[in-house]
């Protein structure tokens, strides 16, 4: 969070710079089954973010020491393409992508019925092709759809959503400028059917009341995006294979 | 290829700067069996290039996942010594040496009777001690002699040769200046007995006709160098062990 | 060694800048059993140096290829904390720490009864929290006490000591300034009971006679520090567990 | 085989939870005793040691002079890193930083950075030319559970005692680093089905997901992190958030008392 | 075990070859349908997506400002890299760049670089001080065979749509990158004993060595690469070189048509 | 299984030692024949090849121009590194530098550096701006035992023939590097219970710890290193130190003779 006071992010009419209302998400579109080589795949366009996820497996877990006797492990790689940001990123993992990979894997392990596949591994590859704030949430959404597309049994989906604070005001779904000059970001991974939370991070400054409002916005957005996810999977199975 | 027009590379008498004719190779000398610790070895001096090759094996292939059930794998490392070039090279592999190692291994796997050694590995270590354009070809030649010196059965040798283009003229065996300021380089790995090609790269600009002439030169050079290779192996077995 | 003549290191009264006599060590204090998660541990304060050692094992040796059929291997990691030196050190191993780890492991393998634990591994972790010249010796001393604290059988302890040369004079136990501006450093690892040497390095300039005197000082210091090591272990077993 | 122990432990944890008990006799939201030492490392410009049950952690602060980023010419920088080295536990292996140690360092870093306790403009020496880079390195020496809170505490305590080594760098006289606030982390782990505060080693081994909450002097959130496999409800979060407020205030008092002496 | 499938595939390939047939019904030198999209990635200064059967590849172009090499003070630089990441196929493993991905990147790079389609002097901003560095990154998302040709096509198509972001770097107004030519790669794999064009995944798995040929607008060779185990005769090369000329011309037309729209 | 051979070898070594014999017939302190060649590598500014029994080692010297350290504005630098690459023996594996190769490089480096044979001030070009960095790279091509002594000899011999390439760097005319002294290393390995000089491959395999001693022209010690598992007494050291004096003087003569020709 870059901090408060640098830049005006709310217009005089109370709307945001791009015309959105405080609790309005950027447009989201999702397509499932777009990578023929993968067992399951999805592409999520969330605002200008583009996240692609591929799923491989379940397969034998290698090397042996990562195997779990009683369940599958989920091996997630979140990676930003070199051309996905304004300044080119050098290929290869960095500390940020390793942390996001870890917490994303832990979130997905919370919904996939991993007990059904002991000693095996499910590979989830998340590739960010274009980034405009919110890529980790777009990645989680894409991974959920790709897992479903691969036929991996899950007890619920996870919807990646985020709220934040700009000019002392809680808003839904920060875009790039809002992320750069805002005061807080609260990304979450929400199970649409149970209302549970499988993923949660936050940084910046939020009072307890602001936190409650931001989570309220997150739950609202999760419901909306979940419908788009379901539609994408329906379209996939209606439309036949690729 | 640095491109055309920068530097004069052909003299007024039609010869090259070092006095060679267009289809004349730099002097080549070869000695086999020069590294006592290796199962087979060779040193090739080609112009001012010095390439040494050591062969170990066949040995058990480790780790298991590189094993092939029906044949040996050939594990090639092409490496330039830090003092081999005008500007010191930092030790360790770079992208260029990894690519050369890969295509060299694939060329050698095309002539070694790898089917005779299932699940095993043959290590080929190519060390460039001095570089003056043409090291990958000198390395392939050295590796072939070292494999023969190690008694590894082959259906033919591979001779590393190169032609190129300078001042719109096709010439055999570019030296350093010709490589830096020339227009094309066409290195090849030729089987002297069958006339087949096991290794081929090219960069620069060659018309189809120029390509044909350059390959003609390459075949001519392969014949000449093959004789030197055979002589080196004869000297080795006549001269006894080291 | 920075060389001679730069800086005055001996006072007019013949004592060293910090008031020590030529054959006087910096103060040493040792405590055993200070890391509850480890099987054995020790902290050594030697002058302003702080070295901590933790011992884990004997445990199964992984990966298999490091196993020795007839004995345990000792796996030492000597590491300097980023804040242990005047200029921050980037985390991760460097060439110096790898060399110290190697020779420390070899010294410890000389006294631990490794034959009693075939195919196993004993992990020794040496962490330097503060460095003021002499950390490798403080680390060896700490490792010896930690091994004893872990109940690993040894035929003798190793005491890490060092002498050196400043202003053409042999002195015991160089401090930071003496190390920076001195003429020689002679660290050794001495077995207090047998008088044997398990660790020895030296750099700088020493005549044969100076070497003899420096080793004499080292043996004297080894005797003194050994008593402190024994006291630390006694205090540990009298004082009960932590 | 290694997983047998966790499974037995999990059963034991469930049994204890039914009785609202913990394996080491503590109440559900009771922390272990904390020993905080500061100024304990020669060569570090600020340092702290935290002992919390079987957990032992050091933090050290170092400064360097850097060129500021062109778009922020008067701002210095703060960096906090944690190393989970093999010294700390049998389970840690050598090698490049593990995801666990990266997460630990980044969560502690965010809590301190986002609290705004360091004014980046106060780290300016010459605008556009020289600013201070502050580096907090955390070294876990013994992992007896809940290293996140121990590391967070060591980091802020070390930072609050740091002296800027201006003389050594020839840019004026040494002075105490200005730190406005004491962000504190409180961590909760689900054990036997319900969240407990300050898990010990066995509770981590036999438990599920954890939540790390960093709270500033005014009770605002500065950092959240959910780790490991598991899900939780908003109601569960509301409960531990309230506990966290209380716990963070207590630990903030320990830092203040240490500074007063 | 893994090698059983290739061996069965090899037998099937040999059987098909005898009938001059291919596993997916194509003629020996028939390519798959190609879908080329350009300008498809926010944040990339030039971009392209190529779909070729089950193969999906993206390329993105980025620019940076660099100091030129002292001996070439007015020349910018071009770099092309490919990543064969685990997303693209079950067979790719995470880790540092594999020899396969290094070879892929370098072969595509040489084809573009050696064609001379970018005049390095046109990348100069201030001689001796500032030049443009152009970086083409290729990202294989789905490997359904013949990724070399797909990557080569995506790279040149992305480059030809690139806009130099001079405004963002404060060195003038944005302008379209000048690209003089459209080098195109054509790849052949020996399958069932004879070379075929544009191998699909099964043909690569059951095939032998391959030859990659990059040809410029005037029909000149700019890059050659023989990969994998196997040998070939000069006569075999002559045959596929002729086919390559034709295929490259066809693909060059697809790029031109895309640009015309 | 691999360890069976060493154990048999150890028994044989003990048997030979009882008769004060060695496996290759040498006397206890007898070295193998040494062949020294210099100026043998195009592109290296100084070079040497040492053959010592089945051991073959090359060393090459390169120069670069660097900015001096601020606190030592008129001092250049010297660096010596060794690579134990897989070419040298079946036992060496590819990968990052092993502890063995790091130790080898650092021990050779210390012997040369600490002898003071290079006056760092003589490497100054423009104080505070440009100094020479001298880099000696050692390449072991065949490890037939005692590579430490072979590497030490190759390094100093290469250094003593080095020509500073001032013209190529445009800072004056080429001149011979000034080297004041010829530090030489002598290595001893415990074999069959007693130390022998210049171990061959079998003696290293069936032996114990080793001691490396570097001695300068005046008989002073410049570097010591004890390696591998084993302990020794001060009396044992005194004996080999005396032998080392003699051996180093002999090798120094070989270097001088080579230079005289």
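Residue numbering begins at 1 within each chain, and the chains themselves are lettered A, B, C, D, E and F in the order written.
Following the convention adopted for this analysis, contacts are C-beta pairs under 8 Å (C-beta built on N, C-alpha and C of every residue); 3 or more make two chains touch, one makes a residue touch a chain.
Everything numeric here is computed off the predicted structure, so don't read it as measured data.
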Joint neighbours of chain C and chain B, given as chain labels: F
Least step count from chain D to chain F, where 1 means the two chains touch: 2
Repeat of the C-F interface, chosen from B-E, A-E or B-F (over half of contact pairs identical by residue number): B-E
Rounded Å distance, chain A centre to chain F centre (Cα mean): 57
Averaged-CA centre spacing for the pair chain D and chain C, given as whole angstrom: 31
Chain centre separation (chain D, chain E; CA means) in Å: 48
Residues of chain D whose C-beta touches two or more other chains: 97
Per-residue multi-chain contacts in chain B, two or more chains: none
Complete ring sequence of chains beginning with chain C, oriented so that chain F follows: C, F, B, E, A, D
Touching residues (chain side chain E, partner chain A) in the complex: 41-44, 47, 53-54, 56, 58, 60-62, 64, 81, 83, 85-90, 94, 96-97, 135, 137, 139, 141-144, 168, 201
Interfacial residue positions of chain C with respect to chain F in the complex: 1, 3, 68-70, 95-96, 98-99, 101-103, 106-107, 109-111, 184, 186, 191, 194-208, 211, 215
Chain E to chain B touching residues, read off their complex: 3, 7, 97, 99-100, 102-103, 105-106, 110, 113-116, 209, 211, 216, 219-234, 237, 241
Residues of chain A touching chain E in the complex: 34-39, 41, 48, 50, 52, 54, 56, 59, 77, 79, 81-88, 91-92, 123, 125, 127, 129-132
